[in-house]
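Letters A, B, C and D name the chains as they come in the text, with residue numbers starting at 1 for each one.
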Amino acid sequence: MMDAGRHPNITLLTYSEVESVSGYVGNFVVRIRKRARSVKEDLCTGCGTCEENCPRRVVDTVYEAGLGYRTAIYRPFAQAVPAIPVIDRENCLYFTKGKCRICEKVCPTHAIDYTQEDTILEVEVGNIILATGFDPFDARRIPQFGYGRFPNVFTSLELERMLSGAGPTGGKVVLRDGKTVPQRVAIIHCVGSRDKNYREYCSRVCCMYSLKLAHLIHHKTHAEVYNFYIDIRAPGKMYEEFYHRVLDEGIHFVRGKVAQVTDAARGPEEEGRLVVQFEDTLTGLQRRMPVDMVVLAIGLEPRHDSREVARLFGISTDADGWFKEKHPKLDPVATMTDGVFVAGCAQGPKDIPDSVAQGAAAAARVLSLIGQGEVEVEAATAVVDELMCVGCGQCIQACPYSAIEYLEDRRIAHVIEALCKGCGTCVGACPSKAISLRHFTDQQLIWEMRGAIYGMQVQHAEHRGN
Amino acid sequence: MSEQTYEPKIVGFLCNWCSYAGADLAGAARLKYPPNIKIIRVPCSGRVSPELVIRTFREGADGVMVLGCHIGDCHYATGNHRTARRMPVLRALLEFTGIESERLLVKWVSSSEGELFAQTVREFTEKLRQMPPLGLRMTSSK
Amino acid sequence: MKIGVYICHCGSNIAGVVDVGEVARWAADLPDVAVARDYRFMCSSLGQELIKKDIEELGLDRVVVASCTPRMHEPTFQRAIAEAGLNPYFFEMANIREQCAWVHEDTEEATEKAKALVEAAVLRVRHHEPLRENRVPINPATLVVGGGIAGIQAALELANAGYPVYLVEREPSIGGRMAQLDETFPTLDCSA
Amino acid sequence: MRYAYYPGCSLEKNAAAYDQSFRRVAEVLGMELVEIPDWNCCGATEYFSLDLLPAYALVARNLALVPEDLDQVVAPCSACYYNMYKTDKNMAAYPKLAAAVNEALAAGKLHYDPGRVLSRHALDVILEDFSLEEIGAHVKKPLRGLRLAAYYGCVTVRPAGHDDPEYPVRMERLLETLGATVVEYTLRANCCGGHMTQLDADTAYGMIHYLLHNANKLGVDALVTACPMCQLNLDAYQGQVNSHFGTDFHIPILYFTQMMGLAFGIQPEDLGFGQEIVSAKEVLEKFRNPPPEEEKRGRPRRKRRDKDALPMPEPLSGGDR
């Protein structure tokens, strides 16, 4: 992370989004909106004084997964790259109520700038790599697990933050009250994954991170940890071994789907606790287990806006919304659009080693293109039949690329081949059939349709000419 | 049952970037649709001139589909705007020449809409099956 | 004019539904077709060799391959015939996998449709003209969208090779999901 | 708006209060109920397990008797609603079944074309055909100070997807509109045991005890239901459960229409109050003399946030899954 921030060849554009993309492999033009940070990047030293003094606290739903707070002027985390904060204008007291300006007063370098505006910059690139990642499954969509209703139902991402020494609890595993250490913890696998009601696919990482969470929770709290799983999927180097290590540590495994998590007690031992109701498929029994904490192993979903992003870059998504690779086995990081590559979870759920490998693979594909120095472009361009052209200019209006010019002296249209992308829109527009698209001529298409429509009979009709 | 002795011939002009890819996705997902449609790949729906559609009917098609990218998503920026503007005029022309305008289907299908493509083909084929053959092909040879 | 027609089995992907032998036998009678063959995997190097050999030995000047979507392998075959000395535009593909074998179930129907698609390609390729590829230089800069672990890795590889990279991230910091994790499986090492 | 009305057997006997209160509430809302002439029992939950064809025919007869000019039927009983809904859908999905059922109906010179009549539960009709604002506009005497929990049971919410079947929320919104203090009752969509009381009393008592015990912990004044079976099990067996488990529950089980009627200013006698076994006297008492300070108590307590406590996730807005 630090390396990427420091590298002289990398221009870091954080708090930024791509607005539009045009052009083709080798020569894309990309418009990027750099959102206003309200902090002057050249003056800010990243000292953090503004954060310390900001009076506004909001729940951090991104980095802290909703388990912790941040201020309105903030850096997502202490080692953020770049170390420059942003003002979250939706929550900032100055931007919402018109007064405060404390950060401006305390900033030793006068870097705060409330008047900053979004800037648009245009960059020219030869290739594009999309590594836009995933969204965690929203556990509130499965109401019977009670996330959002029962305080002590957590998501796995919340637990990750809880276990982090720099997280909201300083690394302590506690209940929602912030102090009680759980004595019995249930981890429910496949929340949102492998479930026809939500996502049918396996999210690939949940089994392994659940094992890791089980190990860490047990290690830190000595709590009894129960894993409720469908199957344990541990395919990876040292993964199965890790599973066995966790088994040996005395972590419990129950094979079966959990029907519901409830706070309704059926007996004294359940009072005041959460109860996991489940089917134990290895004994064939319906059972209930009182626990103090429930951790939902949420799956991975495509980014909520993955379809719009795919459209922006001219690539496609699969039915779930993951970016579609050119070939699932032979070309896993290229897309159907030349010069656009995918890496990481944007293409489908995967773990860290696979994401890193794909990132490197995508880079290698780009390097191979750069190494070739040039790329073949459209040969199938439009061409004007000078004898037929009456110079009406319809094609000039229709062309999306301004690739057709009007030759004043000869009063005809002329295609500038270097600009023509071969869409053929001009052909559809020409009233005098004077313009045609190479490789997609009327003649070629008509013969193709003849073959398609009435087959062998064409041979007989052929002599009658076109 | 006896009404269904005839299978309509359908030609689909699909833009290479969205709809053709959508049809490919329908295949990759093994969605099923009737075999009546024969797909002709064009770079952009904007390439499909009114004359080409009329020619397709004259060559014996009972139905023509022109599918392109959604407006705003055209690989060629604005090629499909032209299609969108052209097709209503073409419909009027078809009616004028005695071809029911519903024999022409113009729709936007993206590369991720395999199911929409399959559904569109199913519905269009079914609709044409309910209509009599067009039989415009001008040849007597057999 | 001499056209070579090649029907791909794609293992059982096509051959499992379409009677490929029948399509090849039938294609041999189409106008100007000099040879029509079916083969297990046309896109394999052996399949490509088959075409090249026919071009050289039979003097083919047009080639039709009926297999998967041209969006996948059209460049593959164009390259192959170019290597055999033919203009790459003297080529046409019939999509009998995605738009035939995979979407139809009845062998008779699918075979008939495959024939129609092959014939359409043959009739079309007879009217193809030679075209010359234009070449443009590649801008060595790359845009990487997303500053998570995959994006960072890609950006570093490119930057280390000496090329400029624009790394765009929606959040105020790069790091992505990885930055949220403390210890990762199976080695429990710190992720930062 | 005119609706065909199918009261069903329970509403003639043990759930007469439901029938009475629904009719009165419907009147206030401007619903015109046309009772199906000569209707018969829907077969309840048992008949479908015994003999399918007569069971479907029994239900289809009622649908066939729905007057020609009406295209929807309202049933306050969840079992009746479910049976009618299921019969209509299955006849549409399985033409053979439809033919067999119609053959049976022909003996009585009747015929039913699946899809002609939409079967709806009284709760769905009230919540879908009227907005909360419209309902709120009829409230003359809010149910101020009453702590109520909604109890849907398992059938009401399951077939048609009007609400989340695992965690419905619409009856809660209705009770809030009526001015009551609604408590979150986790077991709102759990089964009441149905006819288990007749098959295995111990199991049934266990199920009923589970529901009552957890409602009791919430300190509710009453449980509000939308199903005669639920009402019967929780009300009529409350005494047995008390002696079986040595508990002392006293939780009146009332119909949502009774609560609506109260808020609409209708006299309790006209809403069937007094017919319940676990007396609702205290509820009516509290309704007439609401404790004055009740309103102010709930709020400030929530504000005092423990400084150690971790934030809770926001509830899902919109409720769509």
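By definition in this document, contacts are C-beta pairs under 8 Å (C-beta built on N, C-alpha and C of every residue); 3 or more make two chains touch, one makes a residue touch a chain.
The structure displayed is predicted, hence computed values, not measured ones.
Summed over C-beta pairs in contact, the chain pair with the top total is A-C.
Averaged C-alpha coordinates give centres for chain A and chain B that are 34 Å from one another.
Centroid to centroid, with C-alpha atoms defining each point, chain A and chain C lie 27 Å apart.
Averaged Cα coordinates give chain B a centre that lies 51 Å from the centre of chain D. Chain B and chain C have centres, each the mean of its CA atoms, that are 25 Å apart. For chain B, the set of residues that touch two or more other chains comprises 21, 38, 40.
Within chain A, contacts with two or more other chains are made by residues 336, 380, 445, 448-450, 452-453.
Touching two or more other chains at once is no residue of chain D. If each chain is drawn as a node and touching chains are joined, the picture fits none of the line, ring, star or complete shapes. Contacting chain pairs in the structure are A-B, A-C, A-D, B-C.
Of all residues in chain C, those touching chain A in their complex are 30-31, 71-72, 89, 115-124, 126-129, 131-188, 191-192.
The touching residues of chain C, counted against chain B in their complex, run 69-71, 95, 97-100, 102-106, 109-110, 112-113, 116-117, 120. Of all residues in chain A, those touching chain C in their complex are 1, 3-5, 7-18, 25-28, 30, 32, 37, 62-63, 65, 74-77, 79-82, 84-86, 123-134, 157, 160-161, 163-167, 171, 208-209, 211-212, 215-216, 236, 238-239, 241-242, 309, 313, 326-327, 336, 343-346, 351-352, 355-356, 358-360, 362-364, 366-367, 369-370, 372-380, 417-418, 438-439, 441, 443-445, 447-453, 455-456, 458-459, 462. Contact residues on chain A toward chain B in their complex (touch as defined above): 22, 307, 310-311, 314-319, 321, 324, 336, 380, 398, 400-401, 421-425, 427-430, 433, 437, 440, 442, 445-446, 448-450, 452-454, 457, 460-461, 464. Residues of chain A that touch chain D in their complex: 59, 66-69, 138, 140-144, 146-149, 151, 168-169, 174, 176-179, 260, 262-266.
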